[in-house]
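One structure, pasted below without further comment.
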Amino acid sequence: MIDKTIADTAAAVAGIADGSTVMIGGFGRAGQPVELIDALIDHGASDLTIVNNNAGNGDVGLARLLSTGRVRKIICSFPRQSDSWVFDDLYRSGRIELELVPQGNLAERIRAAGAGIGGFYSPTAVGTELAEGKEERVIDGRRYLLEYPIHADVALISALRGDRWGNLVYRETARNFGPIMAAAATSTIAQVDEIVPLGDIDPESVVTPGLFVDRVVAVGERAWLQDGAFIGGVDLEGRPLATEENA
Amino acid sequence: MSTRISRQDLAARIAADIPEGSIVNLGIGAPTLVADAIPAEAEIILHTENGMLGMGGAPAADQVDPDLINAGKQAVTARAGAAYFHHADSFAMMRGGHLDVCVLGAFQVAENGDLANWSTGAEGAIPAIGGAMDLAIGAKDVYVMTDLLTRDGASKLVARCTSPLTGVGCVSRVYTDHAVFDVTPDGFRVREAFGDNTVASLAELTGLDLGGE
Amino acid sequence: MIDKTIADTAAAVAGIADGSTVMIGGFGRAGQPVELIDALIDHGASDLTIVNNNAGNGDVGLARLLSTGRVRKIICSFPRQSDSWVFDDLYRSGRIELELVPQGNLAERIRAAGAGIGGFYSPTAVGTELAEGKEERVIDGRRYLLEYPIHADVALISALRGDRWGNLVYRETARNFGPIMAAAATSTIAQVDEIVPLGDIDPESVVTPGLFVDRVVAVGERAWLQDGAFIGGVDLEGRPLATEENA
Amino acid sequence: MSTRISRQDLAARIAADIPEGSIVNLGIGAPTLVADAIPAEAEIILHTENGMLGMGGAPAADQVDPDLINAGKQAVTARAGAAYFHHADSFAMMRGGHLDVCVLGAFQVAENGDLANWSTGAEGAIPAIGGAMDLAIGAKDVYVMTDLLTRDGASKLVARCTSPLTGVGCVSRVYTDHAVFDVTPDGFRVREAFGDNTVASLAELTGLDLGGE
């Protein structure tokens, strides 16, 4: 019998080695596997490279992991946020390396890793300073840049429900990076609100088929869904949108 | 003398220019105001790059759901007919040319359509791109929504961008608090001047040739 | 109000021009938009390039289209089947051009067209005669071939249910090429068993979001689902599997 | 003298070698017999490249559903825990290295692991590849299931393939009606000889050095 369910988050993250590249799902806090990140902090792995769209919010989850000093480098598209003070401080003091990747290239490079693509020609960032050092090619009259896949040792993701084969479904926009990171990592660990019996997930609606998932751990209903801390966007300069001073 | 319209009025002006049935992405910041300016009964389908089509307006305070947010990480709702998808699929829509319009903020727009909106290039600033470079190359029409002038009085419409580029030759129209400009092969042309603005006064403000005799 | 529904299949295929590249969904007969193909035959467009995994089965659907002589070229992975006699005859007599593409490259090239990718490095077909004329590149010690997207003017696909925005869900393995072809074509026409009110399809389960679809036409329950003609596989040499003589 | 086992027995031999929990793709033709040889209670997850994981066996005659087929276009069923997906996702699983085992038919296998199974190269034959080239490069282990000899008595195990290649150096093991062979850096090695076959007799049949003294 295949049973990928794991009793607790500590057991789920056991074995993550120092120096690992760890993909962490989520866009801002939606889909961020906060409970798994907390377990990773307790686990103590260091010298990590983190792949996430952002660079942490507030003092929880990814931000708390960054604050431990165990992250050597972060690969992301949008570090600057109204509540990214942990990252901001590390970056300004030169204690963390940043690889800035346009969000679509980030997603497509992760997808390429899972799909066995060796590289691809992307239309994004042509003619910008992020094109520096990249191979450019004109195809059918349009300019493209060669981009390479981003592989990871581990992916930590958050989903709504899972079964013992590792099949997952997500909730609303919390789906974001989970499905592509699951496919791009050697080992994928998913926290879910709930583990359901095999066969309860409609085969037409499975978003991440179980072959991409190695461990599934139930964390129950996420308390931080209710704490009100997730609201509020940022403007072009990363200031809270409520502040109307910026154009 | 009236020379500027409010950001809300500008959002309404943009909303009025978007045809029913369009697929539209609104960048973070001021462009999100356009969502509120679209009549509830209009079927304009909003795409948010974090993984949704058919985004609706802000929820009532007691209906806020942290799993349901837009690209600016603000709480939103889902309309009937909505669909969720993952990030690679979401950006495939964008990069594959399936969006009709995107509305972005800007630091500078050049008369050849170049856009700079992700970094002022200031020392010590933390860079952040998000989906702006993908939107710039992906949407059929890239509209910019911005004040015409910076707080220091400099024109955001320029001959050549000095800030780092987001995209090359991508902008088709610029909606500002003073006027609406089309990007044409001959440079900016005034589509509509608000209040007492004229082509001549706008040319003086921007320091650009706007085609006025 | 957005309403992509169309009253009948003839109206749905109106406007398809001579010389078009037409993607046709389906793997064998599962997912093949038979009713739309019939309408295309009645419509009369000629000099077509067809993209499909196969080259027709029996005398219906794609096979019937081929038999009209209006298909100049077919791009597919597996033309040879136990019941592909229409294609076989055309091919052997030199009346149709064949571009043979490994199935994974076919799928990924179609996906690339929809996703705005200019080209990609594929691990498939390296060192085979299908690599001839293709650019090879070694990335991270592995050999890859450069493959280009396949775009189409029109996609004809079959789904289970659709709504007036063009959102689609599929049924079982009939999903196959529909979602990626819908994204790769300038104009996508979907036949569905049933059109449902907007909002009836769960947003978590939409497979093809409506922005990829231009026209939706209901064809009712497909009679050919019941006719028993779809059963029976083929062996390596394309003979019915029931025939036990081949290894 | 017994020198061959039946195709059903060979399928059972292959099934017995596949560990519980494996993700397995069975090529069209003889390899589909392996599905029937897997015990119903074993949780080996079958992938079919036309878009399904968790494929089950053949349906009862009155349960046949033309929308639910395998890569050989035969009617199949879905197990609890199954998932459907489109073709690009399906081949991403394969090409991304997520399948543990695939079992393919063959015209020829060379002692360096090269596989030829899509075209005999015969004049006038209609070529067809399907997913074989993707399976050859994608699965962690590529097993071949075939008769050792052609109907003309020629060995399908060869020093170098003369038929057009499907994949280069991809085969790890060959299950034949005479014996099971591993592909090693030194060429084919007999893993198990059936009935009265010996390394020496197999070396004679194939004309290959099989490492027998």
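We call the chains A, B, C and D, going by the order they appear; numbering starts again at 1 in every chain.
As a convention for this text, contacts are C-beta pairs under 8 Å (C-beta built on N, C-alpha and C of every residue); 3 or more make two chains touch, one makes a residue touch a chain.
Everything quoted here is computed from the prediction, not taken from an experiment.
*Asks:* Through how few touching steps can subunit A be joined to subunit C?
*Replies:* Tracing touching chains, the least step count from subunit A to subunit C comes to 1.
*Asks:* Touching both subunit A and subunit B: give me those chains, sorted by label.
*Replies:* Under the touch definition, subunit A and subunit B have C as mutual neighbours.
*Asks:* Determine the centre-to-centre distance between subunit C and subunit D, using the mean Cα coordinates as centres, and give it in whole Å.
*Replies:* 27
*Asks:* What's the distance between the Cα centroids of subunit B and subunit D, rounded to whole Å?
*Replies:* That pair's centroid distance is 55 Å.
*Asks:* Using the average of all C-alpha atoms in each chain as its centre, how far is it in Å between subunit B and subunit C?
*Replies:* 37
*Asks:* Mind pulling the subunit D residues that touch 2 or more other chains?
*Replies:* 52, 78, 84-85, 88, 91-92, 94-95, 137-138
*Asks:* Any chance you could list the residues of subunit A touching two or more other chains?
*Replies:* 108, 111, 115-117, 122-123, 170-172, 204, 207
*Asks:* For subunit A, which residues count as touching subunit B in their complex?
*Replies:* The contact residues of subunit A facing subunit B are 27-31, 53, 77-81, 84, 87-88, 91-92, 98, 100-108, 110-111, 122-130, 170-180, 207, 224-225, 228, 230-236, 238, 241, 246-247.
*Asks:* Which stretch or stretches of subunit A touch subunit C in the complex?
*Replies:* Its residues touching subunit C are 108, 112, 115-123, 137, 139-140, 142, 144, 148, 169-172, 202, 204-205, 207.
*Asks:* Applying the document's contact rule, which stretches of subunit C touch subunit B when the two form their complex?
*Replies:* Residues 1-2, 111, 113-117, 163, 165, 167, 183, 198-199, 203-204, 206, 209-212.
*Asks:* Looking at the complex, which residues from subunit D come into contact with subunit C?
*Replies:* Those in contact with subunit C are residues 28-30, 32, 48-52, 64-70, 72-75, 78, 84-88, 90-92, 94-95, 105, 107, 117, 124, 126-134, 137-138, 146-147, 150, 164-168.
*Asks:* Can you check the complex and tell me which residues of subunit B touch subunit C?
*Replies:* Touching subunit C from subunit B are residues 20-21, 23, 43, 45, 47, 52-54, 78, 80-85, 88, 91-99, 137-138.
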